[in-house]
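First subunit A sits with subunit B, and in the next complex the same chain sits with subunit C.
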Partner chain A sequence: MTWLALGGLAVLAVLPAVLGPYALSVFINILFYAYLGQAWNIVGGYAGQLSVGHAAFVGIGGYTAAVLAAETGLTPWVGMLAGGALAAVLGGVIGYLGFRFGLRGFYFVLLTVAFAEVCRIVASNWERVGGAVGLYITFTGDPRQMQFQDDRAWYYIALALTALATAIVWGMERRRFGIYLTAIREDETACEALGVPTFRHKLGAMVLSSFLTGLAGTFYAYRYSSLQPGAVFGIPLSVEIVIRPIVGGAGTLLGPIVGSFILTPLAELSRAWFGQGGWHGAHLIVYGVLLVAVVLFLPQGAVPVLGRLVRRAAP
Partner chain B sequence: MSLLEVRGLSKRFGGVQAVADLSFTVDEGDVVALIGPNGAGKTTAFACVAGFLAPDAGEVRFRGRALRGLAPHAVNALGIARTFQIMRPFPRLSVVRNVMIATLGRHPDPREAEARARAVLDEVGLAARAAVPAGALTLAERKRLELARALGTEPALLLLDEVMSGLTETETERIVGLVGAINRRGIAILLIEHVMRAVMSLARRIVVLDHGERIAEGTPAEVAGDPRVIEAYLGEEHAGAAAP
Partner chain C sequence: MAVGLTLIFGVMRVVNFAHGDMMVWGMYLAWLLAARAGIDPYASFAVCATVLFALGWGVQRGLVQRIVDAPHEMQILLMLGVALILENLALLLFGPEPVRVRSALGALTWYLGPLYVDVARLVTFVVAVALTLALAAFLRRTDLGRTIRAAADNPYGARVVGIDVPRVYAVAFGIGAACVGAAGALTAPVLPFQPALGLSASVVSFNIVIIGGMGSLLGAFVGGLLVSVAESLGAVFLRPSLKELVSFSLLIVILLLRPAGLFGRRTP
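For the complex of A and B:
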């Protein structure tokens, strides 16, 4: 298992050498969304608290770094951490409200969606951060400003982020914190009876997850040199974040990564095919069909099934 | 000082007075049974003691400390563990993981917690099922898992809510033996049970509830001869006779 992971990492590390520019951009997306899915996986997969507002943390992280850079000249490498910290604080507030008032299932979904929508509306109407037009970052190509002449830099940053989040989740699975989360997902009342402080652990999962998601905001802002409220705070991005770990296997270590390797290329292909005919958003139909298929046939996601196949092939 | 002291406990659900001015105590190392017909308020009383329900009135003290306002996990940390009448295993977690959730509270290192969990599974006779998902257990095994998890929190007082109902006679006898052995290790037990033979052989004192009120209290022999108790149970049996 460890060898498989190191082998996979090694292949990913040398991959850019053989990729053309388009394939490279697809792989950057695969890794970036795998990272976002892994960050979400902590609270949504392991702790079973279905946040569908995680785009808000991407937006908060991105805006924080970009505004700090514009107004104080702070390098986005540091702004990234500030963005993560602010996302963690707001994630903590939302978690506190949701968990203190015992919002579960559908009600927690609504709370998180509403939170992201409020963020979008605030950003759209706040002229200091660009209002509805958003923020544009002048391209200098200076790595100290997180800007690169060569897109392979983005690939390696995305790879490092994904490896970092996966290592965190791997460590979490082996500690009390992560073990408690898997039980909280199953039955919170039983957890309380067994001495598990459920509120504190759900809150911890939410804060860690929103911090990591916040880091991704800076990546997004500087990779595209722009931030639009609708793109970074909108429901479509939240759906992109949620759907990969669900298809791959929510609450499993490799679920978000496998999910992203399945879905990101599919989304690219359907964009390429249907986009020419003016069918924008066709990838959403692909998502919908896949989601229904997963819920019906693989409710645990792809990873457990793949695991069984691998074990059967290599006894 | 009693280990557990319940005084004037009351809890109402809408129009139903589930528990009314209930008082009793459990001493260190004691075995007390809480009996009474269905709907008498036994499970509700448990939930109030363990912090799952806030009583409307009255007080619960454990080792002299008032439990009012404590979350269930905090009550558990003080040394009170309950089982659920309607069992609540974590169905997708393995049996040993289920018990680890209980042992991790006092043993934060997962390896230690797992070793403790395996020891508890040995004690309740579930060691052979350690790797199975809890959802695959039989009813009798699930009852034992419920007991194992409560034990895993290393309580001073164990609240057992009908851990024998629905079991065969042999299975019941094994649980009775197990509960006796747990008590001999110094763990006090408060037992809700319908299986009268089990109650009579385990309990040193019995508290009888009917319509939320305590109608009798005493040794098994005293309670068995109490006319009010006989009436409460006869009433139920007459009602039960109509059903198959």
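For the complex of A and C:
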């Protein structure tokens, strides 16, 4: 297993040498969304607390780094951590309120959506951070300002982030923390009865997940050199974050990555195909159909099924 | 329209994320009927309600019924998928530009002393109240309404006394969808709309239902009034673009302090 992971990493590391510019940008997206999915997976997959407001953390992270860079000249490499920290604070607040008041299932979903929407409205009304127009970052091409002439730099950052998040989740699975989270997902009442500190663990998962998601915000801001409230805080981005681990298999180590490898190229292809004919939104229909199909036929996601196939092929 | 949502949730504990998109379909249907057949939306809302009833019935029978016992999360995801399909199908078919339905009533205004009343809005309001009352009466007085409430209270018990629970669920889902269809057709002349409206409409109606109380018709109605008044006050005292902030803050407070809502009886 370890060899397989290292092998996969090695293949991904040399991949940019053979990719054209378009394929490279698709792969950056695959890795970026795999990273976001992995971050979400901690709280949404392992702990089973369905958050549909993770866009809030992307937005907070991106805005923090961009505003710090614009006003104090702080390099986004440090700003990224500050953004992650602030996102973690927000995650802590949402988690504290949600878990302290015992919101479960749909109520928790709605709480996260509401917080993300509040962030979006505040950001679009706060002139200091650009208001509804958003923030634009001047392109200088200076790596110290996290700007690159060459897209391959983004590829390696995305790869590093994905590897980092996956390593964290891998380590988590092997420690008491991860096992407790899974137990909480399966039967919270039983966990409480057995003396598992459910509140603390759910909160920890939320904070960790929002910190990692916040890092992605800076990546997003600097890769596209812009931040719009509707794009980074909106519900559509939250759905993008949630759907990959679900399709791949929520609460599995490889789920978000497999999900992203399935969905991102599919989204890009259908966007390119249907976009030519003026059929906008078609890739979202594909998402919708896939989501329905996964819920009905593969509620565990793709990874467990793939695992079974592999085991059958190689006994 | 929150009344429709509350019915679906109250009866089946299924969260209908596609609610707003169903409303948008109701609106486009009214628009099609008005543009192609020249039927005024205040007459065609019955047609829209019927079509949406069929859609709701179909979604329930074909999709939701298969996973009615699955955890809540799966249902949320399923309905999210349906919402994505419906919204973007509307986008494909009707395009992203906002459209507006013209109604003969749209231009009329009554002056009542210092107040002036927009007749179209007044009619929309009156019909909405009438539909809510009719639905409440239906649930309390008719046999079918009683079976719906029975299945909501205790699905197992309802099965024991011989109620075909899946059929009742399908009817309830259909009625819920029909309510939004009617609501869509009725608001179409008052409000310009586009496919992207669906998602925000869903979120607004969730606000209303949570604030009013899940599964309570009165709660849905009062919640609707409360949210619109709070938003209007917010628009006056803060800034128009901040008005949504008020309703979301209200939602968060209600979620934390009284998750069953103002009129909800059971705790979640």
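Methods note: the second predicted complex is superposed on the first by the 315 of 315 C-alpha atoms of A that agree within 3 Å, B and C clash if a C-alpha of one lies under 4 Å from a C-alpha of the other, contacts with A are read in each partner's own complex, and residues count from 1 in each chain.
We adopt the following convention: contacts are C-beta pairs under 8 Å (C-beta built on N, C-alpha and C of every residue); 3 or more make two chains touch, one makes a residue touch a chain.
Here the structure is a predicted model, which means the values were calculated and not measured.
Undergrad: Identify whether subunit B and subunit C fit side by side or clash on subunit A in the overlaid structures.
TA: Verdict on subunit A: subunit B and subunit C fit.
Undergrad: Give one of first, second, both or neither to describe whether A:Leu298 is in contact with subunit B, with subunit C, with both, or with none.
TA: In the superposition, A:Leu298 contacts neither subunit B nor subunit C.
Undergrad: In the overlay, answer first, second, both or neither for which of subunit B and subunit C A:Leu269 touches.
TA: In the superposition, A:Leu269 touches no partner, neither subunit B nor subunit C.
Undergrad: Under the stated touch criterion, which partner chain does A:Ala132 make contact with: subunit B (first), subunit C (second), both, or neither?
TA: Touch partner of A:Ala132: subunit C, not subunit B.
Undergrad: Between subunit B and subunit C, pick out the one touching the greater number of residues of subunit A.
TA: Between subunit B and subunit C, C touches the greater number of residues in subunit A.
Undergrad: One more residue to check, A:Phe115. First (subunit B), second (subunit C), both or neither?
TA: Second partner only.
Undergrad: After the superposition on A, what does A:Tyr180 contact: first (subunit B), second (subunit C), both or neither?
TA: After superposition on chain A, A:Tyr180 lies in contact with subunit B alone.
Undergrad: Looking at A:Leu194 after the superposition, I want to know if it touches subunit B, subunit C, both of them or none. Which is it: first, second, both, neither?
TA: So A:Leu194 only meets subunit B here.
Undergrad: Rounded to whole Å, what minimum CA distance do you find between subunit B and subunit C in the overlaid structures?
TA: Checking C-alpha atoms only, subunit B sits 12 Å from subunit C at its nearest point.
Undergrad: For subunit C, which residues are in contact with subunit A within the complex?
TA: Touching subunit A from subunit C are residues 15, 63, 66-67, 70-74, 76-78, 80-89, 91-92, 96, 195, 199, 203, 206-207, 210, 239, 241-242, 244-245, 248-249, 251-252, 255-257, 259, 268.
Undergrad: Taking the touch rule as given, give the residues of subunit A at its contact with subunit C in the complex, in rising order.
TA: Contact set of subunit A toward subunit C: 48, 50, 97, 101, 103-107, 109-111, 113-115, 117-118, 121-122, 124-125, 132, 235-236, 239, 242, 246, 279-282, 284-285, 287-292, 294-296, 299.
Undergrad: What residues of subunit B sit close enough to touch subunit A in their complex?
TA: 50-52, 71-74, 76-77, 81-82, 84, 88-93, 97-98, 100-102, 104-105, 108-110, 113, 149-150, 152-153
Undergrad: Sort out for me which residues of subunit A touch subunit B in the complex.
TA: My answer: residues 174-176, 179-180, 182-183, 186-187, 189-199.
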